[in-house]
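For reference, the structures are reproduced in the following blocks.
After this come two complexes, each holding chain A, first together with chain B and then together with chain C.
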Partner chain A sequence: MDCVLEGNAVKAFGKAIHSLSRIGDELCLDPMNKGLALRSVNSAHSAYACFLFSPMFFTKYCLGPDQGSEKVQCKLLMKSILPLFRCLASIGRNVEQCQIQVNTPNDRVKIQFFCRHGITKTHNLCYQDSEALQAVFASHLCPNVLKAPARLLGDMVMHFPVYQEEITLSITPLRVSLRNYFEGANDHMNIMYTEMSLHPDEFDYFLIGVESDITFCLKELRGLLSFAESHCLPVSIHFGAAGKPVCFSVDDMILEATVVLSTLVNSESRGPSQLAETAPRCADVVSESPGEADCRTAVPAAMEMIASSQGSPITHLPALLLLPTCTEPPHYQEEAHTTPASTLCSLLFRALSSETGEGLPVLVCCSEEEESEEEDVMRSPTL
Partner chain B sequence: MKFRGKIMDVACLNHFTRVITTISKLTKMCVLRLTPDNLFFVLSGKVANGGVSMWCELSQENFFDEFQMEGVSPEDNEICLEVTPENLSRALKTVQNAKAVKLKLTKKHCPCLTIAAELPTLSSVSRIVTHDVPVDVIPRRLWHEFKEPSMPDFDVSIYLPPLKTMKNVVDRMKNLSNFLVMEANLNGEMNLKIDTDLVSVTTHFKDLGNPPWGDEASQDRGPSQIRDPDAMAQTRVDIRKLQQFLMGQQVNPSKAMCNIVHERVVHLILLHEDVSLQYFIPAVA
Partner chain C sequence: MPLSTQSQGEDEQYVLVASLDHARNLSNILKAITFKDHAIFNATPNGLKVTVEDSKCLQANAFIQSKIFQEFTIKEDMVGFQVNLTVLLDCLNIFGGSTTPGVSTALRMCYKGYGYPLTLFLEEGGVVTVCKINTQEPEEPVDFEFCSTNVTNKVILQSESLKEAFSELDMTSEVLQITMSPSQPYFRLSTFGNSGNAHYDYPKDSDMMELFKCTKTQTNRYKMSLLKPSTKALALSCKVSVRTDSRGFLSLQYLVRNDDGQICFVEYYCCPDEDVAED
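What follows is the complex of A and B.
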């Protein structure tokens, strides 16, 4: 792949990398026919982000002959690529053009900055081949959709301290509220609870299908919010009941960015939540909560739930990650104390190959665009 | 016990926030005393904070448009709360553009000072932000620890040089020594000195002026004890405490002065129009 970026596009590209660095330690470069995708996933597989730059974003965008068909995924360490784009202000001042080339024979990604005064900086980064990593998320199936104007979400999260890990978003027909979330009975003296509520009129689009409270990691989202604010783009939020992932996305004509975060199954925001020490199997979870009539229970024994990214232990993941859907029972708050597994349901990285079949329930379903592409599941790192 | 206050003026909110931010830089935890007319932020001098104590007095009507309180009982019409000023500061800093900010004492999971702000929005309905800052109620039997400190029987009282200049000097001196000697006389001269095995550095300030009450105090002592105007009163203090005081200052005071009790304590007083801040740094051996 060979592409060239000019002027402000270099800054936007750098900003995208900054946002992705908030998610994971590795960056996947995925040159496709429809554009260059930059993806990252966190180690617990509970957050995924993808920035897709269409060919129009680039001054020149060529895929090599062996690309497009055979997915060449370049996995780079965030530590090696982030420093190149660290200081966006100086990139804006000095860099006139940036060229990115992926040379398959020698496993290198070559990034060249053509700067003022005839200076050229060339960086050769080693990459690893990796299988495609993609979370597929059916936004159109989400019952709740919000579209917030560019600065709104930034203004909302500004009220929370920078170290705030998780927040809870609640939606009712009358308002949308955000509050901070702490787990466990911590030292009360130091915890300041913050809550804010917004009227539906503040959103460009407000659709509520089901009243819900979702708790997700704020830190991982901040990168996308700052990207959206710098480009004055509205942010769309697609979500459902607690336990299902939430998707934040921005798009404009030439780029699309998506962040998918998992949400806590038991999202009692002020009570202590018990993160299970070991990830239980879904079948066990279901049998202990008799009220969960909706939970689709046809899950093979190989499934395991993956604990949250917030420091809980992560169990070994099998090669195929298929996650159970535990939809919330109607009175989850009363039953919280009986459900031992208040764990974070992770995202699905699903093999779309035909052997897995359609009978297996998945946390996130195929979205239409992805159906045409066959990708293998990325092998998850064991910790 | 009840407390409700409302600030509607943006300048008052700003000033109030800056006062609280200054306090948050001086100490991690302090006591907030509420009376019908005033708010006091008090830090009592305990060994745990290196003997430093602080007294900050605000007149409530200069900040609040509405202020209602009911103390513990009609005879003790006061509320005493232990609070982390940094939480208050953080909560207030994010709502600087609010139409109105209400402070109330509430009971949520524990007693809290709730800051509720109404923020302007483009739509007809305002945005409401609430911050619940946890507080600890101080029982009456401990109230005596948080009384207004009496003016010490000082030897010299002098106006301070510009705080920024003092801060720059003290910052540099901190790299060389842990202790600093502050000395001043009734002739408007002040010296900041450090003395180590390797080096000694003194910064001299002249023509600072002495507050008028300095004269009254020495007159009270009688003619035999009129102090020699050139005689320096000095105290050796922990330089970090002085630096912490100087670092936190957000607002330029109308008057800044210092009382020195020879070899006992340095008493710093900052006066603004509606806020007064006193800070005591004890001497170290």
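What follows is the complex of A and C.
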């Protein structure tokens, strides 16, 4: 792949990388016919982000001759690529053009900055080949949809301290509210509770199918909100009941960004004591377990992010509806090696190894029936 | 001013007296070479030269000409001593280095000669502090034998363009490689770190390039740990000259303008890295 960005596009690209760095430690560069996707997943597989830049975003966008038959996806360490785009202000001032080449003869990702005064900065970064990890999210199946200017969400979120890990979003026909979330609420005296509510009229779009309270990781979302604000793009939120993932997305003509976060199954911590004690925090790193490892490596071949045209999630709808019954402790106890957090993880990406489909319903499912040529080659090897 | 009310008699004992209305004109430039505790001071009628060395591979010199000082009296051809530079800087900043306009620390630096301490009289807002810093026998600075006749390549760049490059340098790289050539890439800084390599290229016709005189293609590597301190001098400077000689020794010369617009120089000499591993 060989692409060129100019002017403000370089800054936007850098901003996207900043946002992705809030999610995971690795960045996956996925050049596709419909554009360049940058993806990141957190280590617990409870947060996923994807920025898709259409070919129009670039001054030049060429996929190499081998792109059709063999997908080249590069996994880079975030700490390798983030420093290149660290100071966005300086990039805005100095960088005239940025060229990114993948599959150069020396197996590196080559990122070149052509700066003012004729100065050229060339970075050859090592990468690992990898299958892209894509989350599939059936946003068209979500009962609740909100759309608001980024500014509105930014203003709401600003009331929470930077260290606030998780927040709860509640929706009723009369209001939408955000409040901070603390697990185990033992220390009532030392916590400041913040809650704010908005009237549905504040939103550009408000659709409520089911009243719900969802708790998710705020930290991982801040990157997208910051990106949306800098581009003045409205943010769409698709969600359902607690336990199902929430999807935040922005898009304009030339780029789309999505963040999918898992939500706590019992957001009020009033569920079974087991869950309350070990209530998974989205940002936690989950301990290694066989199930967990599989979950990470057995990446489902993916559908597109906005799956409405693909159709296959419908076949799994019954699985989604089964979810409430699976919150009972016995199911978790059976999974001797998995913690509730890893269960949450498995819910997000179906591990191909667990073909039997036992116990764990899949919320975000892969489509094994997809025929399109793109998805075919993105299938992970069977384990 | 209290500093000038010293008796005439006392003054005659000093072999070196140097006064500055603004002590920061000295302390700022000394900060640019403070990577080791000890500094060798060498005063001549031309001015003050302060030298700091690291393991015989790196040497930094700061030159403050006599005309920078409000008073510069020297009774011998050369006066030399060694002091703890960190202590000296602490003393120069003893009033806290406030930047309130109109308020500054005045300095009178006096030295009686071999065996005597370096005496500093510092005054700010009517308060006088006297500091006496022990001196040591000055070591002989290493002579890098860097002479202009041996220089193979020389460029002068505006510091602004290099400052950004140096602040972005991949610190996981053990070396900084400098390539200078009459042909492409002309002037290149390269690093080889954990994530991969990086190259910063400055073409000879860049408007940041004030002078470009390269006679032959040379690539040399220098230990990053040795060159890192030079970024302080780079930060203060407005222009930098980069020269290499036939042995690959590096000379970096920085033009520093102090708060009063006067010019001082800082230079760094560095040996090339001996264990050169091929890429």
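Note that in this section the second predicted complex is superposed on the first by the 264 of 383 C-alpha atoms of A that agree within 3 Å, B and C clash if a C-alpha of one lies under 4 Å from a C-alpha of the other, contacts with A are read in each partner's own complex, and residues count from 1 in each chain.
In the analysis below, a residue touches a chain if its C-beta (ideal position, glycine included) is under 8 Å from a C-beta of that chain, and two chains touch if they have at least 3 such contacts.
Source: prediction; values computed, not measured.
Of the two partner chains, neither chain B nor chain C is touched by A:T172. After overlaying the two complexes on the shared chain, residue contacts for A:N8 are found with neither chain B nor chain C. In the superposition on chain A, contact is made by A:P83 with chain C only, not with chain B. In the overlay built on the shared chain, the residue A:I119 is in contact with chain C alone; chain B does not reach it. Of the two partner chains, chain B is the only one touched by A:H159; chain C is not. Contacts of A:N94 after superposition on the shared chain: chain C is touched, whereas chain B is not. Applying the stated contact rule after C-alpha superposition, one finds that A:M196 touches chain B and leaves chain C untouched. For chain C in complex with chain A, the touching residues are 161, 164-165, 168, 170, 194-203, 205-208.
Taken in their complex, chain B has these residues touching chain A: 84, 87, 90-91, 94-95, 108-110, 112, 121-125, 127-134, 136. Note for the complex: chain A touches chain C at residues 76-77, 79-81, 83, 86, 90, 94, 108, 117-126. Across the complex, chain A meets chain B through its residues 158-159, 161, 188-199, 201-202, 270.
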